[in-house]
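Two complexes, one shared chain (subunit A), two partners (subunit B, subunit C).
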Partner chain A sequence: MEIKANDVTVKYMVGTPFEKVALHKINFTLRPSTYHVFIGKTGSGKSTFIQLLNGLLKPTEGSMLIGEKVVNRKTKMKQLYHLRKEIGMVFQFPEHQLFHDTVLEDVAFGPMNLGVGKVEAEKRAEESLSLVGISPSLYMRSPYELSGGQMRRVAIAGVLAMEPKVLVLDEPTAGLDPVGHIGMMELFNHWFKAKEGRSVILVTHNMEDAARYGEEIHVMYDGERKLVGTPSELFTKETKLNEYGISLPNTLSLLMELQRASGQALITDHFEIDDTVDEIVSFLRKDIENNA
Partner chain B sequence: METVQKWRSLSSCNRCIRIDSSKGEKPDLFLDSVSVPFFAFSIMQWGDEGMQETLQGTIHVDSLTFQFQGNGENVLTDISLSLRAGEWVSIVGHNGSGKSTLAKFLNGLLIPVTGDVTILGMNTKDFNNQPLIRKKVSMVFQNPDNQLVAPTVADDVAFGLENAGVPFKEMQARVRNTIHTLGLSGLENSEPSRLSGGQKQRVALAGALVLQPEILILDEATSMLDPIGKKEVMDQVQRLRRETELTIVMITHDLNEALMSDRVIVLKEGRIVGDGPPLEVLSHSEMLADTNLIHPFIIEIMEGLKGKGYDLREVNNTIITEQELVDAIWKLKQMM
Partner chain C sequence: MLEHIALGQYLPGSSVLHRLDPRSKLVGLLIFMLFLFISRHPLFLVVAIGIFIWTFSVSKVPLIYFFKSMRLIGIIIFITLLLQLFMNNDGEVLFQFFSVTVYSGGLTEGLLIGGRLFILVGMASLLTLTTTPVDLTDGLETLFSPLKKWRFPVHEMAFMISIALRFFPTLIEETARITKAQMARGASFSHGSPWKRVKTIIPIFVPLIVQSLKRAEELAVAMEARGYVGGEGRTKYRQLYWKGLDTLVISIITAYAVLGVLTRLL
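Then we have the complex of A and B:
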């Protein structure tokens, strides 16, 4: 599903002394079937941008094209209802949104709300719950009896059960322990790859995740999209990134420091720990060869 | 249940705690729902001046076991530990391991039913101690937006002092000094809501430090910040460690941060399973895997290199920063 911003400006509290421009005439297209990552300092406009995607917010000026649907200042909220079927949103601490008596009912609520029959909705709920790793023995439990990590998985299953084409993730792993964090990021990646035509839009402060999962990384700064590129295109622009308040993934940062200290060129377009270790090993070995 | 709700509502806003402490009133938070054996206090005679002196800045936890009412499962089981004055301690563990619950015992927000917690020589079970404990222990929480209340940075930092009835001149000076040391000069009249995450959290930190506590508890205080905000806050914590006698307890999921502290305590299902110097504890692969944790980045790289036959610990066995790691690799290369 293609998403396009045409001269979109978003202002908060228009006409008051507190007026604030959150997005300033942004113009870009998000390619379909792509894992997009948005990075930028707090207040750079990333969160405002994703709220435009399913009609939580309308442009003050300009228009958004989301699939076939045009959204501008005049669009009625009611017409945006259908967007929510296609764009699934997972915010920080999604477990706060659980409300039903049982896990299964909670997850089935979304599809039923979109007009899917009860039997079909529960079937979808079971599929999503199994995808997020919640075992059938928990289906009839109250969501509130679960641990924090399980609650979050149930909430995410609720979004997936609506079978969105685009999954929008705003810091979805906040507060999880390191292993929980990895598990959840892998889950989203698995969902992304499981079917043609799916997209992810991830908003994160975690540069390691951006480098690992992102196919296209967008840098927001001061209400504008300043840079875009693949991880290796983007993270080599160190000076620019500094200017926009973005730090490097720690693997790359280490190699860049080593490059500076040694004056030797290193290969810096891989971001995994193993690649970094290999690069340091080849750096160490190169010296032996040179000396010999 | 009532108790749980009470501390939950309190814990979401450290301002509430400051109001409690600063009014100098006797807090009646738990009197109605926790039965407290007062004999514990009479056995330990901490009133002696010399004793007070040696226990400055310390927390002692003795055989603490805790469960939320009606649940039946222990959140904390048989926790005993002793924190030294001026020490910077990280508490790590999986989600639900009891870290945050333990933190709430360390500042007297929760009162033991089984076991004892003694803060600066004062047993938390004695409610007469509560006002002083609240004055001496400050806490900064995860979400900066829940902790800032005043229209400007300076007002916000002054809030606790104002409640404590500190004279205006002295208050002004202390607020100015604290704002300055936290690198917030120039932002005195800014609206907290317009600051960056790192700045907001430093304002929260300033509000805690201006009360001149002896113990500072940081409950995942950097987890919602961007990398630059995290660094701003961690730089301040490192400065406090260097320049003051403050005892710092840091609850965190970020093992790179834990690596910088003096001591790491690992919790698993409410029990202490590891306690020691960060480099040792955070190199322990099996224990980390067992508690949903991973190696800090620096150690991950060193372990990877060791697996390939390059042991950087032979060059330097106290590497904890990126700079030290780079220096060691460079030195190893030059030695070859």
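Then we have the complex of A and C:
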């Protein structure tokens, strides 16, 4: 699904002394079937941008093209409703949205809202619950009896059960432990790869995730998209990134330090920890050979 | 949807009225209101209007904001005026229009009551426009502190109000967030039968209550961890300072009250 922003400006509290421009004339296209990552400082406009995607927010000026659908200031709320079938959104701390008596009912809430029958909705709910790794023994429990990590998985299952084409994730791993973090990110990647034509739009402060999963990284700063590129294109622009308040992935910044200190060129377009270790090992080997 | 709701209606500023001690503002307002209806003498009314206009101009509150805060009460005042015009049969006949007769008494009574109501609510509005809710509670707490003698929990009440005020914006933000999350899951608040729409409150209400209870408990733990015991012997971080200006304001208001009593008696 292609998503296009045409001269989109978003302002909050228009007409009051508190008026604030959150997005300033943004103009770009998000390629379909791609893992997009948005990075940028707090207040750079990332969260505002993702709310435009499923019509939770309308542009103050300009228009969004989401698939076939045009959204501008005058679009009626009722029309935006249909966007929510296509675009699934996982907010920060999604476990705060749970409310039903049982886990299964809560996950089925989304599909039922889309007009899917009860039986079909529960079938979808079971599928997505097993996808996120919630065992059937928990289906009839209250979501409030679960652990924090389980609650989050249930909430995410609730979004996946709507079978969206685009999954929008706003810092989905905030507050998780490192193991839970990796598990969650792998889950999204698995969902992304499981079917042709799916997209992910991830908002994150975690540069390791951006480098590992992102196919296209967008840098937001001060309500505008300043940079875009693949991880290896982007993370070579260190000075520019610093200007926008963005640091390099830890693996890369270690290699850059080593490069600066030794004065030797290193391969710096891989970000995985294993690649970094390999690179350091080969550097050390060369160093020993040279000394010998 | 909820972004336009401001807490109270405080407008930040640094006017003389903003800088006054909340106690002098509260006491001043109370005396002003109590004595506003005591006398109908023109001299007294002119003084009251003068005080009102002076207070307004010194507050530097933009006219638009002032009238926004007066919108609702404006309707009530207008209705009072109309009722007086048509129902009051005192004085001479001013004009007749089919079955409607307007007497001079109706006009003066209407203007008098409507005008005084306007000034009354206007002054109260100016107080809330120029005083932060926290200052107001602090002021109320000190003013009511004599009640402690009768074991009335003044500090606890004031503290509860401050906490409620502090968490009101948080609650609004949270409501907006949960609403958005449920909308993203296809919950619709704009179509369906009335019963269906009422039912859409549940997905917002349940998480909101759960979160609020959690937050209240966290706050209680945090307060206890820092040794909070409340009332007795507790000093304040935010001190209220009574300045010369406050004494001046109270003197003017007292003079106004005395004038009211005198014009009534004479």
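Heads up, the rule we're going with is that the second predicted complex is superposed on the first by the 290 of 292 C-alpha atoms of A that agree within 3 Å, B and C clash if a C-alpha of one lies under 4 Å from a C-alpha of the other, contacts with A are read in each partner's own complex, and residues count from 1 in each chain.
Basically, a residue touches a chain if its C-beta (ideal position, glycine included) is under 8 Å from a C-beta of that chain, and two chains touch if they have at least 3 such contacts.
Keep in mind that what you see is a predicted model, and the values were worked out from it rather than measured.
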Exercise for review: Could you check whether subunit B and subunit C clash or fit when both are placed on subunit A?
Suggested key: clash
Check your understanding: Of the partners subunit B and subunit C, which touch A:P32 in the superposed model: first, second, both, neither?
Key -> neither
Review point. Given the touch rule stated above, what does A:G229 touch, subunit B (first), subunit C (second), both, or neither?
Key: neither
Point to revise | First (subunit B), second (subunit C), both or neither touched by A:G67 | key: neither
Review point. Touching A:S262, do we find subunit B (first), subunit C (second), both, or neither?
Key: first
Review point. Touch check for A:T276: first (subunit B), second (subunit C), both, or neither?
Key: first
Practice item. Report the partner of subunit A that touches more of its residues: subunit B or subunit C. Key: B
Review point. Of the stretches 22-30, 184-192, 220-228 or 256-264, which one of subunit C hits subunit B?
Key: 220-228
**Study point:** Common interface residues of subunit A - those touching subunit B in one complex and subunit C in the other
**Key:** none
Point to revise | Complex contacts: residues of subunit C adjacent to subunit A | key: 3-4, 177-178, 180-188, 190-191, 202-203, 205-207, 210-211
Check your understanding: Residues of subunit B touching subunit A in their complex?
Key -> 93-96, 142, 196-198, 220, 223-229, 231, 253, 255-256, 289, 292-294, 297, 300-301, 304-305, 307-308, 310, 322-323, 325-327, 329-330, 332-333, 336
**Study point:** subunit A residues within the subunit B interface of the complex
**Key:** 41-43, 92, 147-149, 171, 174-182, 205, 207, 245, 247, 250-251, 253-254, 257-258, 261-262, 273-274, 276-277, 280-281, 283-284, 287-288, 291
Point to revise | Partner subunit C, residues of subunit A touching it in the complex | key: 12-13, 16, 51, 54, 56, 77-78, 81, 84-85, 88-89, 91, 94, 96-99, 109-110, 113-114, 144, 158-159, 162
